[in-house]
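Here subunit A shows up in two complexes: once beside subunit B, once beside subunit C.
Coming up: the complex of A and B.
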C-alpha cells in the first residue's frame, strides 16, 4: 500500500470550489439564454464530421491500391480493438484471447462459403451468430473467475483453437490454409480493395455506435460499476454476472464480424495467423494506448499501432524484431500510461487551459478513496474511516 | 487396446514429464503467492535457459548441466530485478491485470530476441549419452529423461526444504499468508517478495536446462508450455504448491496416456479441457485454499 500514497496528489481541495463556480457560471449562462445547451458540442461535432470526411475520401485520394490496403488493415485493427473494448473498457476484464474470436469468425465465414455455398455476406452474419453462441459457454466458464484466471482462460482459448484448427485438417484445411472465394467475382483488384475499405468503415461505424449507446445506458453504468468495484456493484443489486456475459457475447460477435470480413477480403486463411496470441495482444495494446475509457481510444491506438506495424513490415521485412517492438511498446504503455494517450493528452491540455473541472466527473474508485482520505472535518473523517475500512476489504478482494 | 507394457511405459513417461511440470508450476505458484502476479513470461525464461544451455554446449562443448551454475544465479538476479524495477511500480488497484500484460510483453521481447539472435531454426543438443537408456520392468527409459526428472525432483525438494526449514522460508511464507502481519513482525516484505520472485525464476533456469537435454527447442516453443502450466495452476488452485504438484502429475500422466490413442496435438488438449471443466464446476481449483477464491 505504500505506493498508493505516492500516487499523484488529488485535486480534491481545489476542485470542489472550482466545480461550484463552473456550475454557477453554467446556470447564469442558461438563464441569460445566450448559448444553447448544445453549443459545447459543436466543435466536437465539427471534428467528427471532418474525420469522417477524411476517412471516406481517403480511397479516392490514395495514390495507389497499396495505400488503400494499408487503410483497410488499419480499419480492421480499429474494428477489432473497438470490439475488444466492449469487454476491456467497460468491465476492465482484459482478454488476450480475442484473436481466437476473430479467427473463428474468419474460418466460420470461409467454411460456410466453401462447404455450404451460402452467399458470402449471409455466411458472414451466420458465422457471427455462431461465434456468439460459442462465446456463451466460454464466457460462462471464464467470467466465473476474476482477474488473473480470466486472462489465463482467454489465452487458453486461443491455444486450444490453434491446436484444433491445425490438427483437424480434413475439415479446416489444417496448415495448408483455407482459400475463401471472393464475394465479388467480376471485380478488379483495385475496385475490390475500395469496396472493402468502405465495408470495414461501415462496420467500424456500427461498432462505435453500439459502444456509444451502451456507454450512455443503464447497462453501461452497471458494467462500469463492475470495472470499479465488482463486489460493491453486486451488493447494490447489479446483476454483474449476466451483464458481463452479455457484453462478452456482444464483443465476440463484433470481433467475429471483423474476422469474417477480413476473410472475405484477404481470401486466404492460415491457422497460425488467425489463432495467434499476438493478434489478441495487438488489440489490447491499441485499446490501452488510445485509452480504454474513451469511445475513440481504440481507434486512435489502431491508427498509431497499425501504421507502425505496416511501416515496420516495409522497412524491416519479416524479422522477429516486430515481436520485440510490440513487446516494448506494450510494456511502456502498461508502465507509464495505462490510461492511454487521450487522458494523457487531455491532462496536458487542461494544464494549459485550466478549465478541466466540470461539475460531473467520472472518477475511479482508487482516486475517490484517496480524495476521501485527504478531506477533513468531523463528518468526513468518519466517512473516510468507513470508506477506509471498506477500501481495505476492497483491495483485499482485488489483490 | 494397447498392451499393458505400453501403458506402463506411458505411465512412466507421464511421471517423468509431470515432474518437470510440477517444478515449473511451483515457480508460477511462488510468483502468485508473493505478488498476486500471473507470470506469463515464465515459460519464455524456460526457453531462454534452454537456449543458453544449448549455446554454451555448442560453443564450448561443456555439459549442459554445468550451465546451471551460471543460469540459476543469473535468473535469480533477473527475477529480483524484475520484481523491484517493474512489477512494484504498477498501480496496486490494477496490479493483477496489468502485471499479466507486463509479463506478456516481457515474453514477447524474449521470444523476439531469441528469434533474432539464434534464428527460428529448431535446435537440439547432441550428447554422447543422448541415446543411452535402460529397461525398467519392461519400460524403456531414456537416461536424459531420468536426469531431467532427477533435476526437477531435486530442485523441488530443495525448494520445499528452503520454504519449510529456513528462516528465510518462514519469512517468505509469512509474507505470502499475510503481508501486513509479516511487516508487523519486522519482516522486510518488499525484499522477501523480491527474493521469492527470484526463486520462482530460478526454477525456470533449472527446468530449461532439463528441457534442453531431450527436447528440440525453437523461439515460439514457450506458448506450448505456458498453456499447460497455466491450466495446472488453475486446476491445482492458484497459490497452492501441493495442489500444483498433484495437478501437474495427474495431467502429465493423462497427457502421456492419451498419446497412445490420439496424436500428440490432440493429447495436449487435455490441459484445456481440465481448465474449462475446473472453472465451470469448481472455479477455486481442486486444492486451492482461501487465496484462490477470488481469482
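Coming up: the complex of A and C.
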C-alpha cells in the first residue's frame, strides 16, 4: 500500500511544517524504556498540593477577619465561575444569565429557611435541587438557539427574575431585602467567617472534581465536540441537545449551591445584587481570563478578578472604578490572551523547556525526517518538491 | 426492534434486485420560493458505491442534508434499509448507521487529531458516558484508522494545524470511527490534488469491499464513472436518470442537463 497520502500538502502557509506539530513525548512517540506515564504528572500534583495547603492555611495566617472575608469572596467567585464553566467551557455556550441561578439559589435557600424552618444546610441542597428543576425548562428553551441569541436569552432570564423578585415583595421581601438567619447562631463573627471559608473551599473542591470527571469522560468529549462544531458532532451520533441540557442543569445546580452558601454566610439578600447581569458577567470574565478549557482557569481568573475588585473597592472607595478595572482586565484578555492566562503561560513555559520530560515538545522537520529515515526500509518516502513538509508516515504503526 | 430486512430476503444464489439501502419517496424541500428538492424519488443500492451527480444547484447537498436530518424535508418519506427515518434527528440517523462528510470538510479544529476520532465514539448508558474517554481499545481502533489514512504521526497535533488534504483524511477517519454501514461523502475530491484523489478512491474501494455502502456526491466525472456501481443524476431537485455509469454516460438528458438546456 503506498503510504504517500500526505502528498496533497498545498504550498503556502497551509502546508504545515513539521516543526509546528507538537507531539507529546511519553505518548506513542516514545515507547518502552522511557519515563513512566505518571512522571509528567508529579510536578502538577506537587503544585496542586502546595496550592491546597496555602488555601487551607490561609485563615490561620490572615491578620484579621477582613482578609478572610476577601478569601471567601474570591472562593465564592471561584465556585460561581467554575460552575459557569460547565456550560461555557465545555459547550462554548456563553451564558450571561448565570447570575439568575445564583440568585435563585440564594433566595431559595433564604426563603426555605425563613418560611419552612428547614435546617439551613438542608435548605441549601433543597434549593439546589429546585433550581436544577427550574433549569430544565429554561435550558430546554434557551439551548435551542446558539451564539448571540443564546446570550440574549440568558440575559432575559436574569432580568425577568429581577422583576419577579423585586415586585413580589409579599413573598420575597422585594427591595427591602431578605434577612437570612445565621446557620450557627452562637458563633462569633471571626469564627463564622472561618467556617464559611472552609465550606466555600469544600464546595469549590466538589465543583472542580465534577468538572474534572466530566472533562476526561466520553460525555465530556461529546460536549467539547459540541463546542467545536455542533452539527458535525450530531452527525457523528452525539445527542447534542440532551448533552447540552444535562450539563446546563449540572451547572445551574452548582451555581445555586454557591448562591445559597453566600446567602447563609452574608445573611442579607437584595434582588438588585442577586439578579444582576454584572454577577453573570464576572463569571464569564473570570473564566475567560483564566482559560475556559482548563480545570483551574476559572479559579485563577477568580483570584485575579476577585483581588482586583476588592483592591479597587478599598482603594477607590464606593465609586464605580472597580467596574473600570474589570473592564480593563476584559480588554487585556481579549487583546493579548484570547485563550486565557493558563494557555498563555503554558506556551511561554514551553519555549524555555523544549525537551526533557515535559509533556509537549516540538519536533523539527529535520528530526522527523531523520526518524522517518530510520524506518524507510519499508516505506516509500516522497517529499519531492516540498522537502521537509510534515509528510511521510512519521512513526509508522504500532507494533 | 425486529430487523426490517425480512421482506428483502437476499438469497445468496438469486440476485435479481439489489437490496435497497437509502431510499426516498417524493422528497420535497423548498427554501422560500426556491424548490431545492422537487418530489425526489430515488433508491440507492446496499453494498455498492453509489454516486449522486448533477449541475450546481441541482439539490445534491440539500438531499444529503435532508436524509441525514440536518434539515427537515417539507414532504416525502426517507427510508434506510426498509426503516423509516423521516424526521429523525441527525444523531439518531447517525446511530442507525449512516455517517457523512461535509462539502467543506469539517473537523473539530481545536481538538487533537486523536481526539477528533475519540469524539466519534458513541457511549451508551450512564456508566459508559462517564467512563474515561480514550480507553485502550478505542484508542487502538482510532490509531488504526489514522494509520490507514496515513496520518497517524499527527495524532497529537491540533486538527486546525493540518493541511486541507490531511483534514479531508481526518474527517473520513472520524466518520469511519463512528462505524457507519452507509457512508455519505460530499465532494470527497473537492480541492484535493490528484495523488490524494487516487488514494481516496482506493480507500473507498477497499472499504466497499469490506462491506460498507457508499453514496458520493462529486463533480469529478472521471472519479464518479470509475468508482461507482450505480449513478443517480439530479437536475432541478429531481432525479432525471439512474443506472450504471456506462448507461448514464450516454444518456441524452444527462448530457443536456450538464450542457445547459
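We take it that the second predicted complex is superposed on the first by the 317 of 399 C-alpha atoms of A that agree within 3 Å, B and C clash if a C-alpha of one lies under 4 Å from a C-alpha of the other, contacts with A are read in each partner's own complex, and residues count from 1 in each chain.
Quick note on the criterion: a contact is a pair of C-beta atoms (placed from the backbone, for glycine too) under 8 Å apart; a residue touches a chain by one contact, two chains touch by 3 or more.
This structure is a prediction, so every number in the text was calculated from the model and none was measured.
Asks: Check whether A:320 is in contact with subunit B, with subunit C, with both or with neither, and answer first, second, both or neither.
Replies: first
Asks: Applying the document's definition of touch, where does A:233 land relative to subunit B and subunit C: first, second, both, or neither?
Replies: The second partner, subunit C, only.
Asks: Pick one for A:260: touches subunit B only (first), subunit C only (second), both, or neither.
Replies: A:260 contacts neither subunit B nor subunit C.
Asks: Is A:163 touching anything from subunit B or subunit C once the two structures are fitted on A? First, second, both or neither.
Replies: A:163: touches subunit B, not subunit C.
Asks: Please work out whether A:291 is in contact with subunit B alone, subunit C alone, both, or neither, and reply first, second, both or neither.
Replies: After superposition on chain A, A:291 lies in contact with neither partner.
Asks: What is the contact status of A:140 with respect to subunit B (first) and subunit C (second): first, second, both, or neither?
Replies: First partner only, subunit B.
Asks: What is the contact status of A:222 with respect to subunit B (first) and subunit C (second): first, second, both, or neither?
Replies: second
Asks: Looking at A:99 after the superposition, I want to know if it touches subunit B, subunit C, both of them or none. Which is it: first, second, both, neither?
Replies: In the superposed model, A:99 contacts neither subunit B nor subunit C.
Asks: For subunit A, what residues appear in both contact lists, the one with subunit B and the one with subunit C?
Replies: Shared contact residues on subunit A (touching subunit B in one complex, subunit C in the other): 3-4, 7, 395, 397-398.
Asks: For a test of understanding, state which residues of subunit C touch subunit A in their complex under the given definition.
Replies: 68, 70, 89-91, 94-95, 99-100, 102, 106-111, 115, 118-123, 128-133, 140, 143-144, 147, 149-157, 161-166, 168-169, 174-175, 178, 192-193, 195-196, 199
Asks: Quick check: in the complex, which residue numbers of subunit A touch subunit C?
Replies: Residue positions touching the partner: 2-10, 14-16, 20-24, 27-29, 213-214, 216-222, 224-225, 228-229, 231-241, 368, 390, 392-395, 397-398.
Asks: Under the definition above, what is the set of subunit A residues touching subunit B in their complex?
Replies: It is residues 1, 3-4, 7, 92-94, 96, 140-142, 144-149, 151-153, 155-156, 159-160, 163-164, 166-167, 277-278, 281, 284, 288, 319-331, 334-335, 338, 364-366, 395, 397-399 of subunit A that touch subunit B.
Asks: Please output the residues of subunit B touching subunit A within their complex, sorted ascending.
Replies: 32, 36-38, 40, 86, 88-98, 100-102, 104-109, 111-116, 120, 219, 223, 226-227, 230-231, 234, 238, 263, 265-266, 268-269, 271-272, 275-276, 279-280, 283, 294-295
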